[in-house]
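One structure, as structure tokens, below. Some questions next.
Read from first to last, the chains carry the letters A, B, C and D; within each, the first residue is number 1.
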Amino acid sequence: MINKIFASPAEAVEDIFDGAVVMISGFGEAGSPIELIHALIDQGAKDLTVISNNTGSGHVGLAALIAHRRVAKMICSFPRTANSKVFPELYKNGEIELELVPQGTLAERIRSGGAGIPAFYTPTSVGTPLAEGKETREFNGKTYVMQHALEADFSLVKCKAADRYGNLIYNKTARNFGPIMCTAAKTTIVQAKQIVGLGDIDPETVVTPGIFVNKVVEVANPAEESKLVAEDRRYPW
Amino acid sequence: MINKIFASPAEAVEDIFDGAVVMISGFGEAGSPIELIHALIDQGAKDLTVISNNTGSGHVGLAALIAHRRVAKMICSFPRTANSKVFPELYKNGEIELELVPQGTLAERIRSGGAGIPAFYTPTSVGTPLAEGKETREFNGKTYVMQHALEADFSLVKCKAADRYGNLIYNKTARNFGPIMCTAAKTTIVQAKQIVGLGDIDPETVVTPGIFVNKVVEVANPAEESKLVAEDRRYPW
Amino acid sequence: MVGNEEKKGWSIGEMAQKAALDILDGSYVNLGIGMPELVADYVPEGREVIYHTENGLLGMGPVPEPGKEDPELINAGKKCVTAIPGACFFHHADSFTMIRGNHIDICVLGALQISEEGDLANWSTGAPDAIPAVGGAMDLVAGDIKIYVISRHTTKTGEPKIVRECTYPLTGKNVVNTIYTDLAIIDVTDKGLFIRELAPGVTFDYVQERTEAKLNQYS
Amino acid sequence: MVGNEEKKGWSIGEMAQKAALDILDGSYVNLGIGMPELVADYVPEGREVIYHTENGLLGMGPVPEPGKEDPELINAGKKCVTAIPGACFFHHADSFTMIRGNHIDICVLGALQISEEGDLANWSTGAPDAIPAVGGAMDLVAGDIKIYVISRHTTKTGEPKIVRECTYPLTGKNVVNTIYTDLAIIDVTDKGLFIRELAPGVTFDYVQERTEAKLNQYS
């Protein structure tokens, strides 16, 4: 029988190994799987390469993972946001590596990783410092830069509801990178606000088909990152 | 005000010009916009390049368009199906051109056309006659073939429901090529079984965002291709 | 080549049953058109298998009851099917993400020819007047999906289908994992073709006589 | 460079209003973070404009009433927004299909520098200790979307922002269509920069003095 449901975030993340490439969904706090990230902090894996649009806020979630020196390299489009303090400090001290990728290129590289496309051409970043050292090529008189797919060992994703097959739906703009990250990892681990029965999600409205998901854990009341940051909470507490 | 609703298939297709590249949704009869195709036959545009997975059945829909010698070239993955008679005959007589593309490559080329990606690499067809003359390249020790995006002047698509912004939902496996074809044409023309009010489609379940759609026409009772073929109907009747 | 003679070996149903035994619980499986479709009928009870059809459905169920057919709910062979609870629909680019991106576990296909290196030819006889039609076959074999081929051991006229080199146009190079014929189950390995199981009353030599490629026995 | 002096030209609201007048009925528009966001407040009545935010929403509505904020319904600046009837949500790859594939009509952005050829620098001052952060800016300018830049004509210290060559790292080459500053509306054309409209009380020479690039007048 197919049952992808795990009892706790701790059990869901226990296989993540030192040196793993980990994709983490979210755009700012929307869609960030904070309970899975905290379980990963507890679990202890280090030397991680993390692919996520931002670098977290305050001292919780992704920012806490970075603060605990578990992340050797960040691949992201926007590493500094309003309450982002941890990453900037480590970066200035040369203690964390950064690969900066334009947001749409980041999305397309992840989508390609999931779709078995090793590389593609894009007009984005041509003529800018982010295209330096990259192969360019003309198609129909316009210049494009070649970009390689991104794949991960694990993806950590937050969603609204899941069933035991791993079919997922999301909530509003918390969808963002979740669906493509689910496709691009060897093991996709999802925290869902609710686990529902098979067939409870209309087959026409499934956003992530279960085939892309390996583990699901229910987190009925996920923490709100911005509230934790406002209270200056630090994980672990 | 944005109002993409047109009164009839005839009005919706009136801009299609001789020599146009036209994508037509559908996998067999499922999702084939038969009323739009018939309106196109009436309209008279010729020398068309048609991109569609199959070549139609009997003497209705896409097969009728081909039978009326409006199609100079087909780009498809499977030009012969059970009741496909028109295309095979013209093809054997050298009266229609064929570009045969593996089905997944066809889908990805269309998706790339819509996404501003001019070319990508795929493992599909490497070492086969369909890769002959195409550029190949190794990534991580594996060989891939480069494929170019497909774009169209017009896409003709069938869906289940649409609103005046052009937001669409589909019915079951009639979805197939519809959503990607909507993105890849300069002008996307859609026949919907039902036109609904703005907001009647849950924003979480929209499959094709309205930005990809230019014209919508309601066809409440579309013909069933297989029934017409069984009755040996021929368009125009 | 061997002429007409008394029928030996497994029936088509038994071939499908043998392939089905190699589909583990929880697998995501794509079944080709024709003989491969039979495999679904033989998956052992207690195994939950999810069927993918490349025209946009994961969780394909059995043929509908008469009168309940929906022409917009079909499989890749354009036959009416059903959807199980927990199924989902998606568009073609997402469907081939499942294939090309190696998310499907197993694909069962028919064959015209299979070479000793696992090359597969199953889309064209290369006849000059034939209309070429490839569908999704090349995509299905391009990734790291396990490819099971189910096929009669020889053609209707007794020609071997398991050959040293395919003479028909290829679907993919070095792609087949296991071949299920009426005579034997044959694994394609780095060291050549190995017979894993012989049909009752069939000997190794009997199979080798009907096979152009060299066969090996596991020691 | 020109020193401090009496304030001349349009207010920020008036600049936003000028840009808003160039957004036609039925346009799909992406507004950058900061000053560009103001443009939405000035679109003339009777024009229906659909706002896209690259984090996955088409049909973005105004700021929610206090107490009705949803931290999972935000814009690209990570501020809470609303969704209008007819809106839809989608993932990041689909969102950038709308951008890279030229489906969006107009994007309004801020700028650090704009060159006379329409090069735009708006993501980095290139300072060695700055943490680079690019977000979606390079994607937005890479296609054939109309790029409107809304910006003060000079920096806080009076340096020209409209220059012969950008000295800051580029966001994109030859991408800007129109520049809306406090002093003028300037079109970027194949033949150079042309002033389309001057703010009240501002002369051509006054603008040219505050512009490193050569300005032209429509004849």
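Things worth noting here:
Please note the rule applied: a residue touches a chain if its C-beta (ideal position, glycine included) is under 8 Å from a C-beta of that chain, and two chains touch if they have at least 3 such contacts.
Source: prediction; values computed, not measured.
The centroid of the Cα atoms in subunit B and the matching centroid in subunit C are 29 Å apart. For this pair, subunit B with subunit D, the centres built from the Cα atoms lie 36 Å apart.
Under the contact definition stated at the top, the residues of subunit B that touch 2 or more other chains are 108, 111, 115-117, 122-123, 170-172, 204, 207. Contact with two or more other chains is made by residues 83, 89-90, 93, 96, 99-100, 142-143 of subunit C. Contacts between chains form some other arrangement here, matching none of path, ring, star or all-to-all.
Per the contact rule defined earlier, chains pair up in contact as A-B, A-C, A-D, B-C, B-D. Considering their complex, residues 25-26, 28, 46, 48, 50, 52, 58-59, 83, 85-90, 93-94, 96-104, 142-143 of subunit C touch subunit A.
Those residues of subunit C that touch subunit B in the complex are listed here as 53-57, 70-74, 78, 83, 89-93, 95-96, 99-100, 119, 124, 129, 131-139, 142-143, 169-173. Residue ranges of subunit A in contact with subunit C, taken from their complex: 1-2, 111, 113-117, 163-165, 167, 183, 198-199, 201, 203-204, 206, 209-212.
By the touch criterion stated above, subunit B contacts subunit A in their complex at residues 108, 112, 115-123, 139-140, 142, 144, 148, 169-172, 202, 204-205, 207. Those residues of subunit B that touch subunit C in the shared complex are 27-31, 77-82, 87-88, 91-92, 98, 100-108, 110-111, 122-130, 170-180, 207, 224-226.
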